[in-house]
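You will see chain A twice below: alongside chain B first, and alongside chain C after that.
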Partner chain A sequence: MTQTLAVPPDHQIDPLLRAYAQSVAARRRTIAFGAVLLLAAVALSWIGAEIDLATFWTKLGNFTSYFDRLLQLDTGARVWTDPVYWFWGLRRWSLQLLQTVLIAYVGTATGATLGVIGGVLTSRNLVRSAALRFLVLRVLEFCRTVPDIVFALIFVVAFGIGALPGVLAIALHTTGTLGKLFGEVIENIDMKPVEGVAGTGGSWLAQVRFGVMPQVLSNIASYTLLRFEINVRGAAVIGIVGAGGIGQELIVAIRKFYYSDVSAILLMLLVCVMLLDAGSERLRHRLLAMETGR
Partner chain B sequence: MSRGLRAQFLARRDAVAERHAQVLDGRTGGRGVTVALIAVSLAVYVFGLYDLGVAPARLWSGLGQLGTIVALMIPPSPGGHLALYVAALGQTLSIALIGTLLAAILSLPFGFLAARNVVANRVLHVITRRGLDTVRTVDTLIWALIWINVVGLGPFAGALAIASSDFGALAKLMSEAIETADRKPVEAVQASGGGKLLTIRFGIVPQILPVYASQILYFFESNTRSATIIGIVGAGGIGLHLYEQIRVLEWQQASFLILMVLVTVAAIDLVSQRLRAAIIGRRDLGRRG
Partner chain C sequence: MLAVESLTKTFGKSAAVAGLTVSIPRGQFVGVIGRSGAGKSTFLRMLNRLAEPSAGRIVWDGVDVTALSGVKLRDWRRRCAMIFQQFNLIGRLDVLDNVLMGRLTHTPLWRSAAKMWSREDRAIALAALDQMDIAQLATQRADQLSGGQQQRVAICRALVQEPEIVLADEPVASLDPRNSKIVMDALLRINRSFGLTVLCNLHSLDLARTYCDRLVGMAAGRLVFDGAPEALTDEVARELYGLEAGEVMDAGHAPVPAAAALPAVA
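And now, the complex of A and B:
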């Protein structure tokens, strides 16, 4: 079966084609303009970041040989031929890894608690005072924007080397990130339960506790778990500046070229992070199921 | 009055409980587990406080010290190194841009490799996914420590570090976007006789392009933050100066550097939010300030 398309005469088609060409041309001009801007930025950054492809190619061999050395014991044998020798510091590293996880845990729990308070105080539907909301929002923004490792650098000077500055740094940064998220969750709740509690004469605190919290608890828990995953990684590197945990051991091993130690610590860290991620993901999915099942 | 209501309710509580037994049963069933969970997490928390040395005395004296430091930070001053710091900030932005772009270019092919609907080979799929997970799990700072050994100290190592850790995350996101892409355009291209490459180019790429672009912008935002700290291990940018000024207790300059970072990050966020809104066509991204 053949069908013929009725082609309109030229004088009808021409304006359509012109309009099409025009709209396409406008789009293309925007894209070309964007591309030129991007290229200019890349060219500038190329110089700024001292990118040197020549050295990169000549030194790329270092990359593979570095991993080669990472997988070599100081006896010259491959690491997996003698796992006991490779993981000679297993006990000590495990304890430090545990400390790292504990720093992340305490930091996340503290930060999440403060974050809930911050989130409630920045919610338009719960707090009337615009000045208070503005103030708390700015504080949260500050905590969020300053990286945890910068807080750790300063706290190490104030509180001395150890796990304490690490905990405080992570708690402060977490307050900022979670406070913002919680605030957004709380602003989007159903106000009817809150009005219900208010209608029976409940105080502001009772409204928050019985009107708001039951609605947002599963969301808060799942964001907190997600943040915990991120904070375990953060706690691992925060040791680089002297704030406790496995990072301290790692940086010493890297700086002193104890290759097999570096690979052993990295491997333990990887496994630990992946296990925690998997566990927390499962928990989060369960929370999500609770949320949708309600 | 409320006291009276309460007394009335308490007097008839058993009757109420009996009448609404079904509703109340569901609540009390999980209560034991909840209480146990809360008790365990609290116990871990208290143990953590003890084990990590979070003692009130130490906190108190440290807070005093912190107060002195904050007082010393005011007013922030560049200490005559303004040009140097601005150049370092430029370097930080360069690291973020180059790193993000490298990750973006690398992540596209690997995203396709890790997508189940493009590469049907199960073994290849699993290997790519696990590989990407491993790359993603290693923190940017650790990647920087590794790359410093390869290309030497400096911003190039920083750019490579950002590219490495982001490449894993971005490729994973892309593979998820590809897997959830609509089948219909793909089938249309196949039906009109398109090969594998044509299917990808005209069936999948147009669908994921907006996601891809907005994710790249999002990563650029977060990379400006990472690039500011990457200097701490010697991989270029403003972090090196910040680290040094804190180490030599030049608090006025340290606070000036922190302020520079804050302003830059806020500016980049604003620009990228606008661009993202333009790309996805949603205007409510930056509703809360």
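And now, the complex of A and C:
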């Protein structure tokens, strides 16, 4: 075999090897140092948050016994021995579950629409006024930072118990989260089509409609679907504070110790979320496929 | 007539276009030449106000274009169509929709946004495509076309604007020789048959000499040549292009290797 690469003599290659080993060692030290810092931070926050492992062990029994009772009918039998009795409220719960999904749907659609407007208005490549961008960014940030359940609490006080506060809460929080994502998607578009439309005399709105939207629509749809999945869970939770849907029923069952009702409602919610997730995931894959070909 | 007076564009401290003064009568086919970085694109983009001039004026038939804004500015852009090196089509829309972008200023936004183009607009767009021999591509997505086809779509978009001037920024720089000829022929045709003023940035001196009535040479943002193509001697061209001279000059002028020197293809 012919030697294609001659290794230089030791006195030449040694300094290179040493320099490499040193630089690798330096990198390793940095990583080790970081790991130690991380562990220390975890330990400190553990103490800071007064987490007591002993409590966990002593109370673990309550937790498991609660689960045990969740699977018991008030007759004392296991829930699965009498599914008809277990799901005695199927009709009523289904309607409430449907309401939860609808709250999430309307909230997501409204939030996504406002989010598109917010995303466009915060994009450096479309809006020249730094003041306007700053203002809209702060509004979006506010909507994003306040959890939907807090919005729901406020709106329940303002508008009373029902679906409306739920929709508003989800819409606002979704505007914040999607607005930021859409803004990032829009800032990364190809500006040539936008310039093409501008060059024909198209107005700013026409540039957004034809130069921007065709490029980002599939991304927007995909993010919105993902957000819809999240919002269905969110809508179920905010029902607990009186913002309509299945959550309202769930909290009553928990408070009144209707153990088998709690497990039945949770199971229905689980199945519903799983079905929606699977459906929207397939839709999103279809959208992405559309993206690459036609 | 298009009158450009001391037009200047600065980016930070450096001037891309520095006090350019030139006037162009209607119906002329003008080639703007010069090495890359000379300021050709910046000059053209200022003409239809895609770039804002830092100083100077652009006057079209007595109207100061540099002072226009809002609807009037958009109408100016409509009258002063732009063709780009990279075509700048909307890849995800079909060819007809792309051409119809040229009708935006003729259509209220609520109609165009919903793509409710009038029958007349669609007829005009199809007629333009037919003139460029690509009517059969009307339903294709723009990003599935070849470069030459895309540039012809862009020319159609410019045509349906019903412009008075057509600006073309290196329209053939991304195309092969055959497509370059098709596109340049198309520009020549709209210049000759509709009497439109055409301003065309060209990197290839060969094309510039073949198609243009008049050449305007730029270097470092300034006008350094203005005259008929015949007046542009190889010497002047070499000065204009510097190191790039060999690359832009007519292949016919370049020394052809003797047949004997080429390896035989046995």
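Everything that follows uses one rule, which is that the second predicted complex is superposed on the first by the 242 of 294 C-alpha atoms of A that agree within 3 Å, B and C clash if a C-alpha of one lies under 4 Å from a C-alpha of the other, contacts with A are read in each partner's own complex, and residues count from 1 in each chain.
One rule holds for everything that comes next: contacts are C-beta pairs under 8 Å (C-beta built on N, C-alpha and C of every residue); 3 or more make two chains touch, one makes a residue touch a chain.
Since this is a predicted model, take the numbers as computed values, not measurements.
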Specify the outcome, clash or fit, for chain B and chain C once both structures are aligned onto chain A. clash
What is the contact status of A:G201 with respect to chain B (first) and chain C (second): first, second, both, or neither? both
If we overlay the two complexes on their shared chain A, which of chain B and chain C does A:A109 touch? Say first, second, both or neither. first
Quick one: classify A:P9 as touching chain B (first), chain C (second), both or neither. neither
Answer with first, second, both or neither: which of chain B and chain C does A:F63 touch in the superposed model? first
With both complexes overlaid on chain A, does A:G76 touch chain B (first), chain C (second), both or neither? neither
Check the contacts made with chain A and report whether chain B or chain C touches more of its residues. B
Would you sort A:Q215 into first (chain B), second (chain C), both or neither based on which partner it touches? second
Which positions of chain A sit in both the chain B and the chain C interface? 201
Which residues, counting only chain A, touch chain C once they are in their complex? 192-193, 195-203, 205-206, 209-211, 214-215, 217, 294
Touch list for chain B against partner chain A, complex: 2, 41, 44-45, 47-49, 51-54, 58-59, 62-63, 65-66, 69, 90-91, 93-95, 97-98, 101, 133-134, 137-139, 141-142, 145-147, 149-152, 154-156, 158-159, 225-226, 228-229, 232-233, 236, 242-243, 246, 249, 254, 258, 261-262, 265-266, 288-289
Using the touch definition up top, name the residues of chain A that touch chain B in the complex. 41-42, 44-52, 55-56, 59-60, 62-63, 66, 99, 102-103, 105-106, 109, 137, 142, 145-147, 149-150, 153-155, 157-160, 162-164, 166-167, 180, 183-184, 187, 201, 233-234, 236-237, 240-241, 244, 250-251, 254, 266, 270, 273-274, 277
Which residues of chain C touch chain A in their complex? 48, 50, 74-78, 81-82, 84, 86-93, 97, 101-102, 104-105, 109, 112-113, 141, 144, 154, 157-158, 161
